[in-house]
Every structure is written in structure tokens, then in C-alpha cells.
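Presented below are the structures under discussion, each in the form of C-alpha cells.
You will see subunit A twice below: alongside subunit B first, and alongside subunit C after that.
So, the complex of A and B:
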């Protein structure tokens, strides 16, 4: 909505002071959000003497990436001193198939549930929709039994299964809400021409879907990359995703506390989702609001 | 119904192929439906069942009734967890809503560099709670973080040791959680504000309505649904809070910042008490369901879409 007060009285002194206060407030808030990240970044490039001697808020005097290198391939996580690198790879190997599978099923479900409605379609949608709100604590115990039974305990494929299954609820919701707004006539016309279910999906629906695909993929990527609960519950040792490894690194360092390494490790773990946010923030915001306003 | 059109419009679509075409949509949804039935609802039933048994390290299928739901309240750790969820939930939701609304209204005043500011307010939502917890744990550590920075700057009486104080540590979780989630409320409220019809506001303005009155009478009633959505999402986040506590305080000092999710995790994976783990999980589910089911029902059945 437009802010009319400024239009009506743009040049009075009061309005100018008002603008000043407004910008001051906005900048103070911005400092609250951005400072922790800037302080982390500054700390990660200081050496440990400088951290101990100097102030948290001081700029680094000599920039060194030693802590980054150490966090990446030397820091001890539990008893293994391999750095974050192998765990980072676990997260990559976990996130790619999980995002692909959950998004694919979500798109097909959304299409089938809106354009080829059948009796009970709404019930199925309701079951999936509620599934996106289940606190996962309620499935942890049976899931860990099931993963053991399937021989997938403490493995990356096990995490892929878990994330794919529990991702479907959200992806179906995203695609369903998008496809419900596409006109049914598109599909009707194509069926009269003799096109089948998959032909229509491939030729008509998917070409209309790039934006919702981007929203879903970004959402799933962020959720799965940032997951800690499933990773901590279902994996140990070498199969852990990067979030679990980061938590272990920060909490199990014995001896001297290497704050610069902790901060470098935290930034490394945050980097993929931060990059996605910086590159495609617009779609990220749409995912946030799409996931919260149902139709 | 497109499915019917297929059958009547094409004579070739008979036999197996025709049957397949007519039922393809069901076949496509079937795996997800099965997954939901087993991995969502079947698992919930299994957890409910275990909560009615005396399982310890391994599942024990002998029913003992509802004893666990009474016994769990005698554990001081569960009581702490429950109280903490209440304190944390109320403060987290109220402060995030307030901060988010203030930010949205401020940003809605034709601000220069709005895009940059918006991105700064929202970016914490993109990072993991573990990263947030790691950052704030260190910022709030009196020996190295903010307190030390203030002392170095000459403000030697400054003291902020909440994170090591069992009575205050839960409030540090609130601070970090608000930092992470308030930008999300901002994004939702801002989107809603942008959806309010300019013409109505202009008309009210020309009629001499004051700015507070315009907000109270026109804007807030129009965007009310978004408050409800944000409230439900935040409540849901609050009940599920786990990562942040694990990274920030690990439930400590002692058990002072335990929440139901960390209680459940401890019982399941550290203490071999599957019975209490299942019981606490079911209680979390019941709490979420009590909020979500009416909300979803009103959203699906609501007048806004059929």
C-alpha cells in the first residue's frame, strides 16, 4: 500500500525528522540481523591470539584463511580428524537425490490431484497436507527400526529415503496449489486430441511450471540441507550430514577452544543455502509464503 | 472430468491401455498415498502403541495402559521441558510477530534500498538452526562474546551471562529464535500489506481519516488472515524446536533449557527409554494437531477457495 502521509506533506520539517527516525530504525534492525554474520566472518579470518587479545567487534588485523582450511579438512569431529569435507559431501549426496525425488513425486501428485480428480482425491490431499505438519519426533522411533530392518541404518541412502518420503507432503502441497490455478480446459482440450496422462504432463503442464519447480527445489534444498533431527537420529560417525558434524565439531573440541575454526565451520555449513538465498531469494520468499497460505 | 472425456472421445482407448489411461492418475498417486499411510500414519500408530507399553531399550509389545502419560509428569525434566516450551513459545511468537509487523510497516513507507534491507532481515531464515545456535552461543558467551566486547570498550559494569544461568538460559533461546524467524513474519506481513487496495486507503485519506485509524479500520482487518497463518507457522516451529536448543545450550545448564523435542531425543537415543520417548512424541503430536487441524479445516473449507 502507498504511504500517503509522505505524499501529502513531503517537505515539512516534521516529515523530514520522521523520515530520519524511520531510516535510523531500519538500519538498527539491519545491524541486529547482519552483525552476527559479519562478526562470524571477521572471527573466522583472525588467528586465535588476535581473538583472545582483541575485541569481538574489531576488524581483523591480518586476514588468514588458516581456520577455514583447518575446519575443512583437519578439525576433529568426534575421534575422526578429517574436517568437515567428508560430511559436507554426505550432505551433497543426500540432498541431490532427495530434492529430485520429492519434487518429482510432488509434481506428479499435484497434477493428478488437480487435473485428473478421482473420488477420494481430496482425502488423499488432506492426509498428505496434515503430514507436512507432523512433528517428526512421532516417527523417529519406528523410522529408525525400519531403516535398521532395510539395512539402511546410519547411511546416506537411508537419509535420502527419509527426506524423500517426508518431503512429499510439502512438495505435493506446493504443486497442488499451483496447478489448481491452471485452467482445466488446457487438459480437457488435449484429451480430446487424444493426448494421455503423461503426454499432457510433459508437453503442457511442465512447460507452465518453471517457477513452481524453482520454488519447490529451493525450499526442499534448504530444508534438507539444514536438517539436523533426522541426521542426528539416524546416523553416526562417517555417515553424518554436515549440520550434525558441525554441532559435534563445536561441542567436542577438547583442549583449546578454536573459535575461528568454529566460525569458519559454521559458515561453511551455511554457505550452500546462503548462496541459494542470495541468488534466488525471490523464489525463497515465495516458498515461505506458499508453504504457509493453503488453498 | 478429463478422465471421462478420454473414454468417450477415443474408441482406440479400450482394453488394457484404456483402463490404464483411466486409472493412471490413481496409480501415480498410489506410491505417495502408500508412503503416507505407512510412514506417516502407520508410524504414528506404532509410536502411540509403544507409548502404551513399558518398552525400554527395545520395543516391548505388552500393553500396560496409560501409565506413561501419568508417570511422565513426575519427571522433573519433562516438567521443565513443558514449562520451557510454554515460556519459549509465548515469547518467541509474540516477539517475532511484533518485530515482523514493525519491520513490515517500516519497510512499506517507500524506502530506498528496500530490497537490500528486506534481504538482510530475512536471510537468517535460510541458514540452519545449528549455525544460528553456534553463532549465538559464542556471541552470548560472557568470556568471549558481547560481554567481553563491552568490557573492552570500557563499559566494565556490563554483564550478560544469561546463557550460563539456569533461570535465564531459556531466554537466550528466544533471542536466537527471534533473530532467525522474525524476518519470515516480516515477509508475510509485507506481502499482505502490498495486497491491500490502494484506492480504499486513498479514499479514506481524502476523507480525513488519520493514519492510525486507517491501519486500525482498514489495513489490519484486511490482512488478518496472514496474522493467523504466521501465528500457526510460528507455533508449529516453536513446538518442533530442537536443533536450536541442541546447538545453543544442549539443553543446559543442567536440564534448564530442555524442551519436549530434546526430551524425546534424550529418552530415545541416549537413555534407552522408548516408552517415555514415545509418550512425549505423542503429546507433541497432540499439541500440534490441536492447533493445526482446526486451522487446516478452516483453510480448506474456507470461503476463499472451493
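So, the complex of A and C:
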């Protein structure tokens, strides 16, 4: 990669200073972003006495996970003192089917739009694209009416429907742009071999899609898990996702404000997206830049 | 072995006419090459035969059955694509098996057919690999295996060799020819490479702008091109086109054109080998005289005496291009550059005059306006 002139340049004093400044700036930015996370983590393992006495930035003196347990099982969310656990489960039950459905339909759409070009395919793609520009707030009222009509108001399945439908615009965009680079000859060859629309999709197109599936899943998982607006608007009480429950937990004050519990709860609520990035993150970049399949 | 008939087939996208009425009739076991530059409609025609493209007008008939509305998988054809279109996620074996599997061929029968095909193409040792682990030539073989294994009525090849390097291309060309000789299946083969067309075909259809300019066996296409386009497209270097006048010469006719020799411009008359009656109306009119470079050679007394219609004339040499076997010698005939194939031991320096010999038994005459063969 590095050609000779570049290496020669790296040896001069000016280049060394430049590099030093660059690293300093990068370390500063990294610290800026990691610091809140560290403060949260530190606060969550302190007991409330220590928080009251010590400084915000001080490291914990005695590590205790009491706050975590409390946030998970006992903290009061509104009037129910159940901790985050049931709401966390709500989010899990919401995010898994929504991610699955929206990704599946996105893949099917992308496949149909690129490999089975029908009259008006571009118009439909344009409309779908437009769907990804619609702000959440615009669909709140009609969506809540629809959910009421379907009998899904204030339920996890209702949120699954909302997120699946809303996500299709994005997932279609991802899959369509990926499939556009797959050679059309593959589909032609499979057609002559005797495979139909769905057989080609399952046997040939989908097995070539892992990288874009990862991108889509990460994107959809993050979007849906972190969603607050739909959760707050379409559910109440026991059907709320963890993001809404976290908000209510923090806002439910009985006497002393338990910062350590708030922090632990916030980390718990953020943990799944964090894990998804850590596990699948490297595929994310690879999938975003991938395009051509050499066959 | 199946015969293929294309009846006045058209393809249009709105006002754009890609195919303007193509008709051809192919007997079982023939090797038809659709030859033409890119954009001439040859691949579209192939896709229509395969059923991958709809037919605007006309009929395609395979073995007496009109297949216009028949799904590709039911046409009993197989196709080899330019990009090979191997399924990247499957092993070679699964690639070959896919078509059989889709047709519900039982597993044991599949095994038998695959091993037979793999043996035929010498790809047995590759069956467990993925396409990405194969070289270009191996992928080409696998793509052919996928087509061969089903033993279809017609093979369709869409520029199958154009992604291979020059040496491999020649090897594979020979193999395709051998395969055809061995299997005897009807083949339709698309290429823009006129050498591929000449070497492989039993029939060549030279296409341009959505029409077939000439449909004939390769030697006929080469020796008697239907028009100047075909003469120029087939053959390398292409046919020489010399603006000339048809004049009376003894009992017959001759072509007369200008040519510079020994520093002075003069006219050369070359008597036609076959001054038929049809040519009478062309007397004293302008024609285009077409002559293949190998019919325009250095003068050689021994040969001139054997060949009845060989005539000598002198001309100034402009440029020399040695190719090894022959030296391509550029001369100016009738104001147009013409190329002669000259024995490398008999060349003359550029600027000097050289004695050339034209074999008039290979001459073609064209109408300068319509560019058609007279």
C-alpha cells in the first residue's frame, strides 16, 4: 500500500509533528465520546452514599451491582415496581419479529425491483425511497387509528406492525442497491435451469446476501430498539418497550434520586444495540462497501 | 438434434426497433453463428430464442412447435453466458446439478449424468470447488457442463469465449468444435469475433442494425459477401474495396482503376474471370471492385502461369506491416488504400514500385450506391 515517497516523507520532522498532532486530536475526540459512558458505568456500580459524597468523575471505591439488580427487578416505573425486566422483554419481542419481517420484505422487494423489472418498477422504487424521508411524526395519527381499527392498539404486535411497515422503505433501499450489482445473468441462467421467482430467491439470491443482511439487521435493530416515539405513542402500561420504561423509571421519583439505578437502567437499555455492533460491526462496514460478487 | 426456425421476428422498445424482421431456418445439428458488432441485435435474438426476452412480432419454432409463449425452462434449451453466470454460492457439482434438480431428476440419475458430463469436460477433480476457486478456463468448462448435462435440444452460447485470454480462447474454440462434432446438437452461438465465426460455424448469419445481411456457410460468406459490409466485417485484414470502372476488354470485361507506378499515375485494367451476361448493364459504369488481401500478392511467374486468372500490374508501395507469415503491403488503388499479402522475402521498400498479382477468380463486384454484390 505505502509507496516509497510516502515512507520517505514520514521520516521528516514536520511529518512527525503532524502525525503527533493528529493522534492527539483523535485521542481527545475518542475520550470525549467515551467519557460519558465511563461516568455512567462508574456511577452505576457505586452505592448512593458514595455518589452523594464523592465527585462525579471519581472512580468507585467499592464496586456493587446492587443498582443493576434494582433497576432490573425492583425499580418503580410509574406505579408498578417491577424493574425494567418485563419491558426489556417487550422490546425483545418487538425487535426480533420486526427486524426479521422488514428485512425479509426488503430483500424480496429489492430482488423484485432489480431482477424482475416490471413496468413502473422505477416509480415504485422512487415512492419507496420517498417513504424513508417521511418523518415519524407525520404517521402518528393515521397509524394510531389503523392500530385501533386492527385491534392492535397498545400491544407489542402493534409495534411490530408499525416498525415492520416503517422499516420496509429502508430495507428495500439497502437490498435494492446491493442486488443491482449482482449479475442479471445469474437469474437468467437459473430461469433456464427451471427455477421460479421464489426458488431463485431462496437458492441463489439470498445465499449471496449475508453482508447486506448484516447491514440491514444492524440498522433495523438499532432503529427499532432505540425507538421512543412510536413506543410512547402507541403503547401504555405493560406493553411499553424498554426505552419508554427507562424514561418513566428516571422520571419516577420517590424521595431520593437514585442516580446509580438510573445509570444502570440506561446501560441495560442500551446494551443490546451495543452488543449487536460489537458482534456484527465488522460486517457492517464490509457490507456497506461490498457490491460486486465475482462469480 | 432439433431444427430451429425464426419467422420474421421483430423486437421493438417503443420507437426503437432492435430487430427488424429476422428469418432463418436451421436444420438439426447445424452450428449457427450470429456475427455482428455490439448493438446489432444478435444477443437480443439469442435471448428471444431462449425465452428470456419477449417477442414483439413473428414466431420462433423449435422442432415444429411455436415456442413464443413457452417458458424458457420448457423449451428444452440450455445457454452458456458470457459471464458464465455460475452460482457463486454453490459448488461446481451443485451448479451442474441445479437444472436437473429443478426438473425433478432423481438423485442417482443426477449423479450419473454429472459424472458423465464432468468426465467429458475433464472437470471431475473440480466438482467440490466453488466458482471463485476456479480459473477462467475452468469456469468456462463448468458453464458448459451445466448446459451439457441436461442434453437439451438446442445449445445457446452468448459470447462464451470473450472473457478468456487469447491462448485459452483458441483452445476452448477447438473444444467447442469437438463437442459439436461429438454431440451433434444444434447450436446457436453469438460472437463479434469473425475468426470464431469462421472456425466454428456451419452457417453464419452476419447481422447489422437488426437485420441479417447474409446467411450462408462460412466459406461462402468469405468468398462471396452479399455486400460491402459483410466483406469488410469478415476477414482480417478486411476485403479491399477499390473504386473502379467496368470497361470492355477483348471479348470480356475488365475493372479499370488508377494506380501510381514508377512515379507516374496510370490506369490498370484487370480482366474479370467470369464476365457474365448480368454484368452487361454495368459496362462503363462505376463499380466497387472487391478483392481479398490474399488474392492480391507479389508477382510470381510460376504461380501466374498456373493460375488462369492471375494478372500482374505495377504499383507503388506505401507502407509495410510484417506479420511474420506475410508482410501486409499497403498500396493505393483507385484512391483507396488496399492491402496485399506479400511473401516477406519479396517485399519492396516503401516508396518503390512493386509488381503485384491479382487473382481475379476471387474478385467481387459491388454496386457503389447500394453496396450490394453485383
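Keep in mind that, in the parts below, the second predicted complex is superposed on the first by the 268 of 295 C-alpha atoms of A that agree within 3 Å, B and C clash if a C-alpha of one lies under 4 Å from a C-alpha of the other, contacts with A are read in each partner's own complex, and residues count from 1 in each chain.
Keep this in mind: contacts are C-beta pairs under 8 Å (C-beta built on N, C-alpha and C of every residue); 3 or more make two chains touch, one makes a residue touch a chain.
Remember, predicted model here, so these are calculated numbers, not experimental data.
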Per-residue contact with subunit A, leading partner among subunit C and subunit B: B
First, second, both or neither for A:192, with subunit B first and subunit C second: both
Which superposed partner A:42 touches (first subunit B, second subunit C, both, neither): neither
Subunit B versus subunit C as contact partner of A:208, first or second or both or neither: second
Partner chain(s) touched by A:222 [first = subunit B, second = subunit C, both, neither]: first
Touched partner set for A:247, first subunit B, second subunit C, both or neither: first
Subunit B versus subunit C as contact partner of A:270, first or second or both or neither: first
Which superposed partner A:99 touches (first subunit B, second subunit C, both, neither): neither
Partner chain(s) touched by A:138 [first = subunit B, second = subunit C, both, neither]: first
Doubly contacted residues of subunit A, that is, touched by subunit B and again by subunit C: 188, 191-192, 194, 293-295
Residues on subunit C engaged by subunit A in the complex (per definition of touch): 47, 50-52, 72-73, 77-79, 81-89, 98-99, 102-103, 131-132, 146
Contact set on subunit A toward subunit B in their complex: 1-6, 8, 22-23, 25-26, 29-30, 32-34, 36-37, 39-40, 51, 54-57, 105, 108-109, 111-113, 115-118, 121, 124, 126-131, 133-145, 165-166, 168-169, 172, 180, 184, 187-188, 191-192, 194, 196-198, 222, 225-226, 228-229, 232-233, 243-244, 246-247, 250-251, 259, 262-263, 265-267, 269-270, 273-274, 276-278, 281, 284-285, 288-289, 292-295
Residue numbers on subunit A that touch subunit C, as the complex places them: 183, 185-186, 188-195, 199, 203-204, 207-208, 293-295
Residues of subunit B touching subunit A in the complex: 1-3, 5-6, 9-10, 12, 21, 24-26, 28-29, 31-33, 35-37, 39-44, 46-47, 50, 59, 99, 103, 106-111, 117, 119-131, 133-139, 144-146, 148-149, 152-153, 179, 183-184, 187-188, 191, 193-194, 196, 198, 201-202, 205, 211, 219, 225-226, 229-230, 232-233, 236, 239-240, 242-243, 246-247, 250, 260-261, 264-265, 268-269, 274, 277-278, 280-282, 284-285, 288, 292-293, 296, 299-300, 304-305
